[in-house]
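You will see two complexes here that share chain A, one where it goes with chain B and one where it goes with chain C.
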Partner chain A sequence: MNITVLLSMVPDLVEELEIDASGAALDTQWLRYVISESDDHALEQALLLKDRHGASVSVMALDYGDADQVLFAALARGADEAVKLTGIPEAGLGKRAAAATFKEALGGIRTDLILTGVQAIDDLDAHVAGMLGGMMALPYVGVTRSVEPSGEGKVLVQKEYPGGAAAEIEVTLPAVIGVLSAPQPPRYVPVARIREVMKTRTLDEREAVPATVPAEPAIIRLFKPESAEHAQMLDGSPEELAEQIVKILEDRGLAP
Partner chain B sequence: MSPAGQDVWVHVEHLKGRVAGHTYELLGKGREIADALAGRLIAVLVGSGVRPLAETLAADGVLYVEDAGLAEYTPGSHAAVMRALVEKEAPRAVLFGATSMGMDLASVLAAALERPLIVNCVNLQVRDGRTVATCQMCGGKLLCEAEASGPVVVTVMPGSFPAEAGLAKSPPPVEAVPMPATLETVGMRAIRLLEPEPGDVDITKSAVLVAVGRGIQRQDNIPLAEELAGALGGTVCASRPVVDQGWLPMSRQVGKSGMMVKPKLYLALGISGAPEHAEGMKDSDLIIAVNSDAKAPIFDIADYGIVIDMYDLLPALTQALQGRKA
Partner chain C sequence: MTPMRELNWNIAEHKLIYAVFLPFLIVFLWGVFVTMRRWLLGRPDPRWDRLWERLVGVVAQAGVQFRILREAYAGVLHATLSWGFFVLLAATCLVLLQEYLGLPTLQGPFYLYFMSLVVDLFGVLALVGTGMALLRRWVLKPKRLVEPRGSDGYSVLLVLIFVILASGFVVEGLRIVATRDPWGAWSPGGWLFAQAFLGMPQEGLERLHRISWWGHAVAAFAFIAYLPFSRAMHILVAPLSIFFRSLEPLGRLPAGGGAGAEGPGASSLRQLTWKHLLDLDACTECGRCQAACPAWLSGAPLSPKGLVLDLRDHLRARLGHSNGGRAMVGDVITREVIWSCFTCGACHEMCPVYIEPVPKIVEMRRFLTSQGDVDATLQDTLTATSRYGNSLGQSPRARARWTQGLDVTIKDIRRERARYLWFVGDYASYDPAARDATRAAARVLHRAGVDFGILYDGESGSGNDARRVGEEGLFEMLVEKNLATMRGCEFDEIMTTDPHTYNTLKNEYPRFGATWPVVHYSEVLDRLVQPDGVRLTRKLSRRVTYHDPCYLGRYNGVFDAPRRVLRALGAELVEMPRNRRSSYCCGAGGGRIWMKEAAGIKERPAESRVREAAALDAVGTLVVACPKEMAMFRDAVKTTGLEDRLVIKDLAELVEEATTLEVSGHA
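== the complex of A and B ==
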């Protein structure tokens, strides 16, 4: 089975997010990027299929925000090949344009299974996976927690529902799957191993074919929530704080 | 039921013969949007043998598509039907829940029909004839206001609007639509529904929950939370990353794909308060949040907040509670 995993970089939420002068976009100057969490799980899902059943895993990313790091890390984790699509604006692309760009790039590749994260955190239309399924007119299932081979040219996926329930669905390949979680946490590779891979392997760089997309919704403004119901903040030493909490619980009849 | 140019459609989500609660929230909000656009509010019900569900839907009309092949939900079959209907009737806005089913259908439909997609909305309005949506982004750290002047596909966070307005007082008119799509080419088939694995405890029944998030950092730290929960007479639950790591079973997960809880006390430790987590706990009676990041979105839904490294607070708090009991 040939698997292609699409990886995207998103703002690291551990860092402060600044809105730029336009008021409608993040200020990319201070942005630190990390791999999108569900894409990370999509890669793990692909590597598990490779480990357990044999598969070749190709990863692909648009060239912005530390794409090299993410692609080399994927090679270090066990991907067979890494494709970087160049000619991308520094701030990346909207998710619809990203999906369309991936679609163009996938046109020339023989792939049975396209895996990517079900949702990114940084856009209005965050579902690259589903939009790609719709654009490519391939079977699409999202919000999965497991993907297993199921006979010739098929996979069996578990799609999560609320309350820990799931649907088991058999999907005919080629298909696009939007992964929420892999059956096990993304494997860790030491930074030293990633550095080694950066010296010994190369990325397959390809010029992205510009994709046309329909009008995207116009962003009026980005803003930080200013909730009227913001929590009442407590202050003090750990002991004082503990006392205050106990008092709050006592007042509500919740203290033990 | 045409022309439909200004109509607002709501996808009716149902599982095991029951309408999902957020569908009524969408209908309530959809009513306002449809009125402002001078269109009709249409509920779209797709399945097999689920016609009785239409009776509870507050809408100007229900489009009902029935086929034996639609009995078990798959994204492929239901997207094929929704797509054919939307293509034919061209409603102005199509609303889905930001749920496992809604996310799939909305994204496939929007791309296939080249309509703009706006996801994770917490508010919707019509301004000067345009649809204006406010959405959560960056794990709840940002809100984004965006507008679409033409047709649009939207997913709405469950819990964003009251449900009462969407519950019908009298049955709406129902139009049965002949099956508009073929299911032969959808490339998937439902095998079975997997029930949740029974957990050791039912966290939805616990009056006191001590919830741990990624801030717990290591599996070895879970016992600290357990000790605190013990002192409070409560139960430990978790956000998704903790469950993904295998540190606690799925039955302890709170949120979109986990449990909906409403305890008397929800003590959140090292949880950022991402929308998908908040969805499952924001209606708790009392929320106390402990987080080292003063900007964590959890503080927007908590009653009390403490900015501190949880490991500085936990021993003192557990001790204070144990001291009282002794």
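== the complex of A and C ==
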């Protein structure tokens, strides 16, 4: 089985996000990128299939953020091949454009199963995977927690529903799967192996074919949550605190 | 008349003894050969440097037995037994000198004072020691001998030794009576036994003498033949393990097996060194390591003694091809055991024969880590460390955030020269509990006029603990990053408040070309509180106790600087029972702080430690000198309900309490 895993980088929330001068975008100067969590699981799902049933796994990412780092780490974890799509704007692409770019790039590749994270912190409405399925006219299932081969040219996926319900769905390949989580957490790759891979392997760089998509909605204003009122901190001994609380309640007419 | 005794009296056929000895000797040699061949399975490790130092160690520890004698009962019984046995063996060899070289060892004053009196007294001592040992094994049964599993092998040996000693005295007693030896009383042991045979007919005496003479010889030969197959093997191997002991600092982990076909670290015995394998045969099963091990005492599955014994059984089974395909890592030594170690080094400190469990454990961790076989929280930590350069998974840009709101500005050493490069380290930078102490240290140093600067966000974690969990690649990456930044800075010495950081900077960074001296802030404070240093205006007249951080004290020998500082402040220092080299780990070391607590923990090390401190009379302050301890102990006083009884203070906080804002000038 040939599996392709699509990886995206998202802003790393370990850094505080800053809004740039335009007021409509994140300030990329302070942005640090990390692999999107469910993409990480999609990769793990692919590697589990490879470990258990044999498969060839290739990973693909758009060249923005830390794409090199993410792709090398994927090779170190066990992917067979890594493709970097170049010519991408510094801040990445809109979700629809990203899906279209992936579609173009996948056109020339023989692949049975396309795995990618079902959502990302900058794609909470889970656009990329579903749209890609649509654009490629392939079956699509999202929010999966396990993918297993079942007979010739088919996989059995477990899909999660709200409220703890789950369904087993058989999907005919080729197909696109939007992974929520792999059956086990993404494995650890020792730094030495990543460094070794960076020395000995190269990324397959391909120029991304510019995709024409209908105009995406434009962001007019990006802003941080504005708190109307600040919390009031109380200080003092337990007795004093009790008095203050009573007073506040009285002031607001909440206590007689 | 010259005092003497007749050589081989009553044993006309004594030459036969060599024929009798031969089969026993062959068995002995075979046993020694088999044992040594096992060690050759290990990979090479040169241990032939500094021969003199090595020899001195053997004399001190195998001969005089200083470490063994740290304990009263066990020390005395072992010393009397072994010295007694050794003197008796020497005396037997001296008899041969008369027989073959004609040296008069059995006559004159030498015979009377040494061969009779001294040797006999040593024999009596050995008998007493044997009795004490049997009493300990059969009646007292200290925990550390019976857990995790007892070794009955010693009982057989002790009985055999008792038979040898007693039969020796019987032979002597019979000879004294039968020859009416006028100097009999000079052999007090034999003389005592002689009383039992008084009045026996001469013929009976002589027959019994011959029987017991041969009996004594055969028992002794049996001991020799049994030696390499028994616990007594430590008599031969322990001096070797002491001789070939590591002379490197404990804080400098060996490089390890490298990436062979089986990957880095050690997943099988072949990937351990020959010295590691020799250690296994040297172990006396005394359990001293275990009795000091915070992992074992807290209820974790790791006992250093158990680890050594399990590896030894595996080694023996392996060569007997009966190991049933059990893997060293996972089956013989489980993951839980491997990850339980705090790398506190207490076992190294306690072991009378210098066995080194920590490098073995780290080798196995290196293997597990290379396989990605790490627990989830540890994995998160390692990923965070490689991504952000700190183990707390916080923004690298926030590394120097602790300096905000400080009324002093701290030099950016990347731009400005300073005497000290203060390598702050992860915990002191980010951990909320530790940050206050970091700030106190900054204020104290600043007010004292100490010229220092920090690397701000140019600093990454030092990698000490990454190395201890076996993540060698991450460690190297951190070293390279830090050195690249530090090389661009101008300074004379590195200072740090974190003993773990201190350890690796001092002992492990030099391999990568870092040659700067490294000091701990307690040492800098020690320089400051000297008479011409910072002016102390308040006397802290309170009773405090001080916890020696493993990586500062046991690992690097810094015991006195923090104590001198405390005394200079006017504090009355009361020692905990486990202090200095025997200090008890707080439970943060070896990367344990990054892992989930093992199941079945009875009492966390930090809890045991705060209880120990709280038990001291009228001591209300536990002083720490390590940023990790702050969090560990503050937590422990809460969980033990000792909050009202004990406050945890950093050394720098106490110094700050005792100083005014006035600056006395220089450092």
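As a convention for this text, the second predicted complex is superposed on the first by the 222 of 256 C-alpha atoms of A that agree within 3 Å, B and C clash if a C-alpha of one lies under 4 Å from a C-alpha of the other, contacts with A are read in each partner's own complex, and residues count from 1 in each chain.
Here is the rule we go by: a residue touches a chain if its C-beta (ideal position, glycine included) is under 8 Å from a C-beta of that chain, and two chains touch if they have at least 3 such contacts.
Keep in mind that what you see is a predicted model, and the values were worked out from it rather than measured.
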Chain B versus chain C as contact partner of A:171, first or second or both or neither: first
Contacts of A:15 with chain B and chain C, given as first, second, both or neither: second
Broader residue contact with chain A after superposition on the shared chain, chain B or chain C: B
Which of chain B and chain C A:143 touches, first, second, both or neither: first
Touched partner set for A:193, first chain B, second chain C, both or neither: second
Which superposed partner A:75 touches (first chain B, second chain C, both, neither): neither
Partner chain(s) touched by A:185 [first = chain B, second = chain C, both, neither]: both
Shared chain A contacts, counted only where both chain B and chain C touch the same residue: 14, 16, 185
Footprint of chain A on chain C - complex, ascending: 259, 264, 369-370, 372-374, 376, 379, 382-383, 386-388, 393-395, 397, 471-474, 476-477
Touching residues on chain A, where the partner in the complex is chain C: 14-16, 32, 34, 185, 187-195
Sites on chain A touched by chain B in the complex: 11, 13-14, 16-17, 19, 41, 96, 99, 118-119, 121-127, 129-135, 137-143, 156, 158-172, 175, 178, 180-181, 184-185, 214-225, 227, 229-234, 238-239, 241-243, 245-246, 248-249, 252, 254-256
Chain A-touching residues of chain B, taken from the complex the two chains share: 15, 72-76, 79, 99-101, 103-104, 106-112, 114-120, 132-133, 135, 137-148, 150, 152, 186-197, 208, 231-233, 240, 244-246, 250-251, 253, 256-260, 264-265, 272, 286-289, 293, 295, 297, 299-308, 312-313, 315-317, 319-321, 324-325
